[in-house]
Amino acid sequence: MLQIADKTFTSRLLLGTGKYPSFEVQEEAVNISKAEILTFAVRRMDIFEPSQPNFLEQLDLEKYSLLPNTAGAKTAEEAVRIAKLAKSSGLCDMVKVEVIGCDRTLLPDPVETLRASEMLLDEGFIVLPYTSDDVVLAKRLVDLGVHAIMPGASPIGSGKGIINPFNLRMIIEQSSVPVIVDAGIGSPKDAAYAMELGADGVLLNTAVSGAADPVRMAHAMKLAIEAGRLGFEAGRIPEKDYAVASSPNEGLIT
Amino acid sequence: MLQIADKTFTSRLLLGTGKYPSFEVQEEAVNISKAEILTFAVRRMDIFEPSQPNFLEQLDLEKYSLLPNTAGAKTAEEAVRIAKLAKSSGLCDMVKVEVIGCDRTLLPDPVETLRASEMLLDEGFIVLPYTSDDVVLAKRLVDLGVHAIMPGASPIGSGKGIINPFNLRMIIEQSSVPVIVDAGIGSPKDAAYAMELGADGVLLNTAVSGAADPVRMAHAMKLAIEAGRLGFEAGRIPEKDYAVASSPNEGLIT
Amino acid sequence: MLQIADKTFTSRLLLGTGKYPSFEVQEEAVNISKAEILTFAVRRMDIFEPSQPNFLEQLDLEKYSLLPNTAGAKTAEEAVRIAKLAKSSGLCDMVKVEVIGCDRTLLPDPVETLRASEMLLDEGFIVLPYTSDDVVLAKRLVDLGVHAIMPGASPIGSGKGIINPFNLRMIIEQSSVPVIVDAGIGSPKDAAYAMELGADGVLLNTAVSGAADPVRMAHAMKLAIEAGRLGFEAGRIPEKDYAVASSPNEGLIT
Amino acid sequence: MLQIADKTFTSRLLLGTGKYPSFEVQEEAVNISKAEILTFAVRRMDIFEPSQPNFLEQLDLEKYSLLPNTAGAKTAEEAVRIAKLAKSSGLCDMVKVEVIGCDRTLLPDPVETLRASEMLLDEGFIVLPYTSDDVVLAKRLVDLGVHAIMPGASPIGSGKGIINPFNLRMIIEQSSVPVIVDAGIGSPKDAAYAMELGADGVLLNTAVSGAADPVRMAHAMKLAIEAGRLGFEAGRIPEKDYAVASSPNEGLIT
């Protein structure tokens, strides 16, 4: 069970809602993924504009927790403003802090992310910052009191998977709140790997919405995250440089 | 569906039967894995010795296909002799050709593996050779007429996972028979990766039997292989060097 | 030529002075490395204690530039204090800012590193901060006005080499001041790689002082850094998935 | 010193002669590389055609050893025929056996390579087979009596570097003749890495001839190979998961 603040979730997959080919595909992908937390960019959702159809309207809000993100913010103040806009809808009290510091890589700004997290905690939000895999930065965010941390595996949308498993493992080992690996996941093996490192969850968007068949990929990711979690719990064999026969020679019939 | 010769299997996980802590754990692991093909070292199974308990006796042979392997063989002739011993039991007509050429790494001998495969094909066996990831060797085995090829991900029991995904992908692209990645898988992510590369199946032993909790790991591997297969079919996103926002800026509310 | 502030160096190798087996080995390693910048931990060098022999006394200070580091500092204030102690010796006006945020990994603290860099710039130091490979943090340090940035390849003393070449390349492409890859280099290939990514220099310590033969390794590193730089300038071939014959078939004699 | 059969070489870099922009660039690259062994495709060099200018004519054959390769051969018999053609020129008694088994990857055919090597040894050649990184195949070639083995790092011309350092290390540890890493090297770090693994030499072609500045890259590779060899001899530090301070805390001034 994934626990964030006082909420408990059965699924460890958090799914983004951007860039699906259609609402229908998106809905089917969400269903098959069994995700319970859906993230969306506040600045792209016109929550207050009833004339414009949007995905949220079609959601059974009893079934899902919404995790608005502050994509588009470049400063803490912008992030806070976006978060408040989302909260004012009455649909959510969690927020994914996303303050980008580089337009080319969309990597997060450590300073503004820290500031925004602090300000939003003061405002009573449930705060989940998207951060780089900087180990000490993650620790500082945890020390601030955030409710989960979301280190990136690699740049958003890059599909490069986990570039630095060492840092992720350190972040996970040092964190007293859930660690949700966010950004960069490209395929099921990457999601499984994040979970094997001990992550509490994985947030996906492009890897699913951008796949040739998003619904099938959503299913694949659901299974991969379960597989990775079970693998983590099961305790994998150590890596060895030399082979060890699975069919030992003792007691051979000759 | 995995098809080998005239047999069809729903599961793409082939499970080895060596080195489990107990028969009970092994049985439970086999059950939860949903494996339909079980492999075992002929030289370790005293098939003809009714006084000695062994795992095969407890199996419902309607449910499983047995894949005896020729572990312990260092020449084609030894492999053929072991394969015939297995066949004489009346329990199986498939054989995994395993001729080791290096005691330290347990890596296969290409020359003897080719010879043994040819001899066993002449004898009417269904032949699945364990081979290195040498691309041309795999092609030659396929050209011989083997019924599946089983390239190693890394040395047996090493848990190093897929060292050379390039070679595996080439082998898979060039093969007209099923490719089952065998040896070296360490954790679910590795099994998923093999499937994402397009493999038709994965053979596991130590990664399951040597895990702290073999039953849970068997479950993890089952899911990982399904996840990897679905991921392959779903068509993953390409890797990009630069980020692509999953929450695009067009149409932002400002 | 490596240019830091108003100083110009022929060598792109910066050498640490910690943990050599003896002063003699250290001296020989320094000589053969052709390093012109030597770094040392101020808190380990009793610069003011004439009774205690130390490496600096034996140096020809005309030949070398000293780069004291603030190892041991956990806050910006401590770092500043240590830097001033070093400067008061009259031996140096550069300082490597090193503020550790994690005792286990010795990874740097982004917040205190930023603060310390700002304070030291205000005091007129030539400031070279040791930082993680966080891309936006590096950009912020450059924007502050530091004279070079020193991202780590992997944790200090780990010998893991460059874990995240993507981040390093981004840092290098975005930086208007020299980038010196610091920490984690294990062997010559790692140093060459840093330079091939476009780094302006490499700082080494444990990889040399901890080698079985530090003098020979110092020589190896000197050559590797030159090789990597030349390789960067020479423009390497792109990676291709499929082979391209170096002995093309056109015009074959048959 | 690199010793192949009864010949001794100071340089550990073997350079291919294909695909340079011009003879002049090639000559300069050869000079700066300090290579003593030059390899060329017999089928591309019209050794017997005096009207056609070719690189060999311009060489001081006192200074270089020629290593003709059998590129273009797909069978042992073709390789032997090409090798004899080369030998008949009176210019060389060494031959690099190159029998390709896959047009797409240009990976070598293990069976024909073994056969060709055996036939050429019988004919009294000094035999250096290009092979995959299959560990047992390399051992079999050594057992045949070849004078050096040349495992590929990755496919010819791919620039992918060393994909499987484990296999290369095994091949090197088991070989009683020189191991020269051939094919796939992309940049100086790759060449250094091959040498750090304990290789006796590196054969390069495309990485140099295809670089934007082949002469500078030839220089870079020369240094990288020296650096890697020195690094191997110097004994690198082990990789550690956790950091070890190069500036230890003992004896700190506080």
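Each chain carries a letter (A, B, C and D) given by its place in the written order, and its residues are counted from 1.
Assume a residue touches a chain if its C-beta (ideal position, glycine included) is under 8 Å from a C-beta of that chain, and two chains touch if they have at least 3 such contacts.
These figures come from a predicted structure and were not determined experimentally.
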Farthest chain (mean CA position) relative to chain A = D
From the C-alpha centre of chain B to that of chain C, how far is it in Å?
-> 46
Calculate how many whole Å lie between the centre of chain A and the centre of chain C, each centre taken as the average of the chain's C-alpha atoms.
-> 34
Chain-centre distance (mean CA atoms) for chain C and chain D, in whole Å, is 33
For chain B, residue numbers touching 2 or more other chains are 104-105, 107, 155, 160, 166, 241
Between which chains does touch occur?
-> A-B, A-C, B-D, C-D
Of all residues in chain B, those that touch chain A in their complex | 16, 18-19, 40-46, 69, 71-72, 85, 104-107, 155-160, 186-190, 192-193, 196, 205-207, 209-214, 216-217, 219-224, 226-231, 233-249, 251-254
Name, in rising order, each residue of chain B that touches chain D in their complex.
-> 101-102, 104-105, 107-111, 114, 132, 134-137, 139-140, 154-155, 160, 163-164, 166-167, 170, 174
